[in-house]
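Following this message is one structure expressed as structure tokens.
We call the chains A, B and C, going by the order they appear; numbering starts again at 1 in every chain.
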Amino acid sequence: MSNLKISKLHKHFGAVDVLKDINLDIRTGEFVVFVGPSGCGKSTLLRCISGLEAASSGSIEIDGQVIDDVEPAQRGIAMVFQNYALYPHMDVFGNMAFSLKMQGLAKDEIRRKVEAAAEKLQLTPYLDRLPAQLSGGQRQRVAIGRAIVRDPKVFLFDEPLSNLDAALRVRMRMEIAQLKLQLPNTTMIYVTHDQVEAMTMAQRIVVLKDGKVEQVGTPLDLYERPQSQFVAGFIGSPRMNFFTGRHAETFKAHTVGVRAEHLDIVGAGGVWSGKVVYSENLGADTFIYADIGAEAPVVVRQPGKSVFAAGAEIALVPKARELHLFDEAGRPVPK
Amino acid sequence: MKAGSMSKFRTGIMALISLAFILPLLFLIGTAIRTRQDYMMSPGGLPRSFTLDNIVGAWTQAGLGQALVVSLIVAVIACIVCASTALAGAFWFRIHQGRVARGLNVLLVASYAIPMVAWLIPVFVMLANARLLNNIVVAGIIAGVASLPFAIYLIHTFFRQALTTELLEAAALDGARVLKVFWYIAVPMSRPALASVVALVFVWTFGDLLMAATLLQGNPQVYTLTLAATTLSTREEVNLQGQAAAALVSLIPVLLVFMVAQRSLAAGFGAGSGK
Amino acid sequence: MQAVKRRGWRRALDGGLVLLVPAIVLETLVLFLPLVHVAYRSLYDWQPGSVSTFIGFQNYQHLLADPEFWQVIGNQLFYLLGLPLWVIAPLVVAFALREGVWRPGLFRSIYFLPAVMSPAIVGLVFRTLLATDGPVNAALETSGLGFLAHPWLTDVTYVKPVVIFLVLWASFGTGVLIFSAAFAAVPQNIFEAARLDGARFWSEFWHIAVPSVRGTVFLWAMFQLVCIFLFMFGWIYVLTGGGPGLSSATMDFFIYQQFMRFGFYGTAAAQSIALVGAIVLFPALGYGARALIETCVKRRRT
């Protein structure tokens, strides 16, 4: 059964259309990531779900009930903000208790719920600290705790890790994944512009571009079967190589795309050939940038510490099954 | 930064400049605690005598004790009226940003530039008709309103920085309505801004002469300290030492406030200077 | 555009007009209505407590024909000459304070003292200090500088410059504080780069410091401009009583006198409106001047 259903959602700010005809079905307990470049409307979509922003048209249902006219606080959703939005003058307990206090719960029940959430997030020793006395990761956990105590049906995260340093980001990513395991029936929607976050955390990814849903699918789906050149280029690191012109004509397509890991280096007689421009050794992998006469150098991934001097001649063969062909509009061409 | 040799030179100049602020105070103290004969001998020289008679005399003769109480009441009323009204108004302006709200905001802040004499005349006439002159509560309220435009500006500036949109959204999601957001979030959060508003309004009201001279001049029982000290000194028969003593007494409360609230005062003045 | 429905988070936080009502009511009662009343009454031969007759613009005509009014306007314009001093002095000192001085905070506090002291009370002190037979002149005599002794407050030539310096004395600390805050917001490395380029104190001041806080400089100048029209009463009343004659009177003092002492309510009302006009006019001129300067600068650059 569907938990969150978005139908024909449009949103414009003045004359600017920010969201165009969004249709989504999200199941109860699912972890869905909205991903897309900055400014594509991810936050706006999230805010329409939360009720912080009103949709211009279309409707949103939770558990079969239309919530368009329901106040944000009554929608059964909770949100973790990018900058945490903790109340600076309240201690951790106060921050987590505030929504319960607004609901008018009894004091001891509030205490019980807050302490349970704090336990879950290892915040118990910090309950009487002010946000200013916490580290970035701890603040992040308070922001999550504040959402948990409300026992929401839908949990929304808007780029929650973008203010943390790289190491902490990886750790918090794991903690959020753990949290999801502890809350199997809570739907989580997570917004990020970082496709690595999307690939590692999501059960399903929604790729947005210019206010439209570009593709919905599991991480593997998107990686293996991108439905557009945009998705193909957005998902995966390093970025997929694209060729047009004579490189693509061989395959009777406008554009041909191939991932770095799907190119083999052969001694001679490759499909494409050229010179090594530069190579990057990352320990486990080596990335080789080669000029084969296309617009941009092609990236090839080789395992281990393969050595390719700049200027060396190189011949490449793509794995035929892993080629992605696109027409002029960026739509996939059947092979 | 490297403290070079210039630093001593500049420190010397800064110290010289501070003499301009310290010497008048020292002179005031010196005059208040020396005898009349001593002063007449060398008005510009150092005191060679010590007496508290001038201060005691000023205190009893001009009723400075009572004036101090009046001043405190007027200033406290002004602070309460001004801070509470400005806080609520500034918060409303923070959460309402439509064209009407913005227009009102400009209006309520720009009224800072309405000359005090211009509105004080009709207020005086109105109060005279209503028999509300020489009433310290009324004077306190009016003094509070006189500082209201500045206070609204200052607190609104603070809210625009500290009460972020994200925070308001979080509160809305937490289920708080306007009045609850105001009471549980905006009010406790605004302590620093509030402290500087209270300190400023206190200092201004305490030192004001124009409003006091207009609204409270009819009854020496309700003279404020500033009014009492200045009327004392404009009477010819009172000697210089008495004046100095009165002036000194009237400065002590604000100097105390200055020492206690120096930081927030400084912050308050600094806050308006952004950009 | 469709009917603007206030939805989203703003709807959840809509209303609460009750919070704004006190501010509106109080300001309307104490500031706006009285101002309107004054404007209205300035057209009458205003006699509180008795019949006032409508006399059109006669109060204004009297005003324009009154040499005393023009003298006071002249005083105000003279005081404006102090503006560069009031702006540049705290600016230089705030800059010097950030350039490596022992305990800058202490100096800032000392300079700030006048901001908390009553202008009227401080006026008293200076009236005594600057009296013809007062301590300043006495000290000058005893130190052999008798030729510098002057009747500071009772001589038409000296009284206005003295007031200008006293305004500097009173506002200096606030200016230093505001400029210090502005300098603190300027990235430190701009100054460091300038110093590496060999800039000395004054060239750093003019070429780096002043341009980087010019917004604050302008605001402070406007603030001082308004102050010289609005908040001089306490000083003038105690220090000089507007004298000698009317040679140190400001508009607010003059109006107060017309009204409280002489009971010329109608003329006082007309003067009040003239003062409001000045308060609007001079900052407007300031903004105009700034716009003009900025376009000139831009044109020179291109």
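Some points to look at:
One rule holds for everything that comes next: a residue touches a chain if its C-beta (ideal position, glycine included) is under 8 Å from a C-beta of that chain, and two chains touch if they have at least 3 such contacts.
A quick note: this is a predicted structure, and the numbers were derived from the prediction, not measured.
A complete topology is adopted by the chain contact network, contact being made between every pair of chains. When chain centres are set by their Cα atoms, the one at the greatest distance from chain B is A.
In terms of C-beta pairs in contact, the better-connected of the chain pairs A-B and B-C is B-C. Chain A and chain B, compared by their mean Cα positions, are separated by 55 Å.
The distance from the centre of chain B to the centre of chain C, each centre being the mean of the chain's C-alpha atoms, comes to 16 Å.
Touching two or more other chains at once are residues 169, 171-173 of chain B. For chain A, the set of residues that touch two or more other chains comprises 52, 71-73. Counting only residues that touch two or more partner chains, chain C has 9, 12. Interface residues of chain C facing chain A in the complex, by the touch rule stated above, are 1, 5, 7-9, 11-12.
Taken in their complex, chain A has these residues touching chain C: 14, 47, 51-54, 71-73. Within the complex formed with chain B, the chain A residues making contact are 50, 52, 71-74, 77-79, 81-83, 85, 87-90, 98-99, 101-103, 146.
Residue ranges on chain B touching chain C, taken from their complex, read 1-4, 6-8, 10-11, 13-15, 17-18, 20-22, 24-25, 27-28, 31, 42-45, 81, 84-86, 88-89, 91-93, 95, 104, 108, 111, 113-123, 125-126, 128, 141-142, 144-146, 148-149, 152, 168-169, 171-173, 177-179, 181-182, 203, 206-210, 213-214, 226, 229-230, 233-234, 240, 243-244, 247, 250-251, 254-255, 257-258, 262, 265-266, 269-270, 272-275.
Residues of chain C that touch chain B in their complex: 9-10, 12-20, 22-24, 26-27, 29-35, 37-38, 41, 48, 93, 96-97, 99-102, 104, 107-122, 124-126, 128-129, 133-142, 169, 173-174, 177-182, 185, 201, 215-216, 219-220, 226, 229-231, 233-234, 237-238, 251-252, 255-256, 259-260, 265, 268-269, 272-273, 275-276, 279-280, 283.
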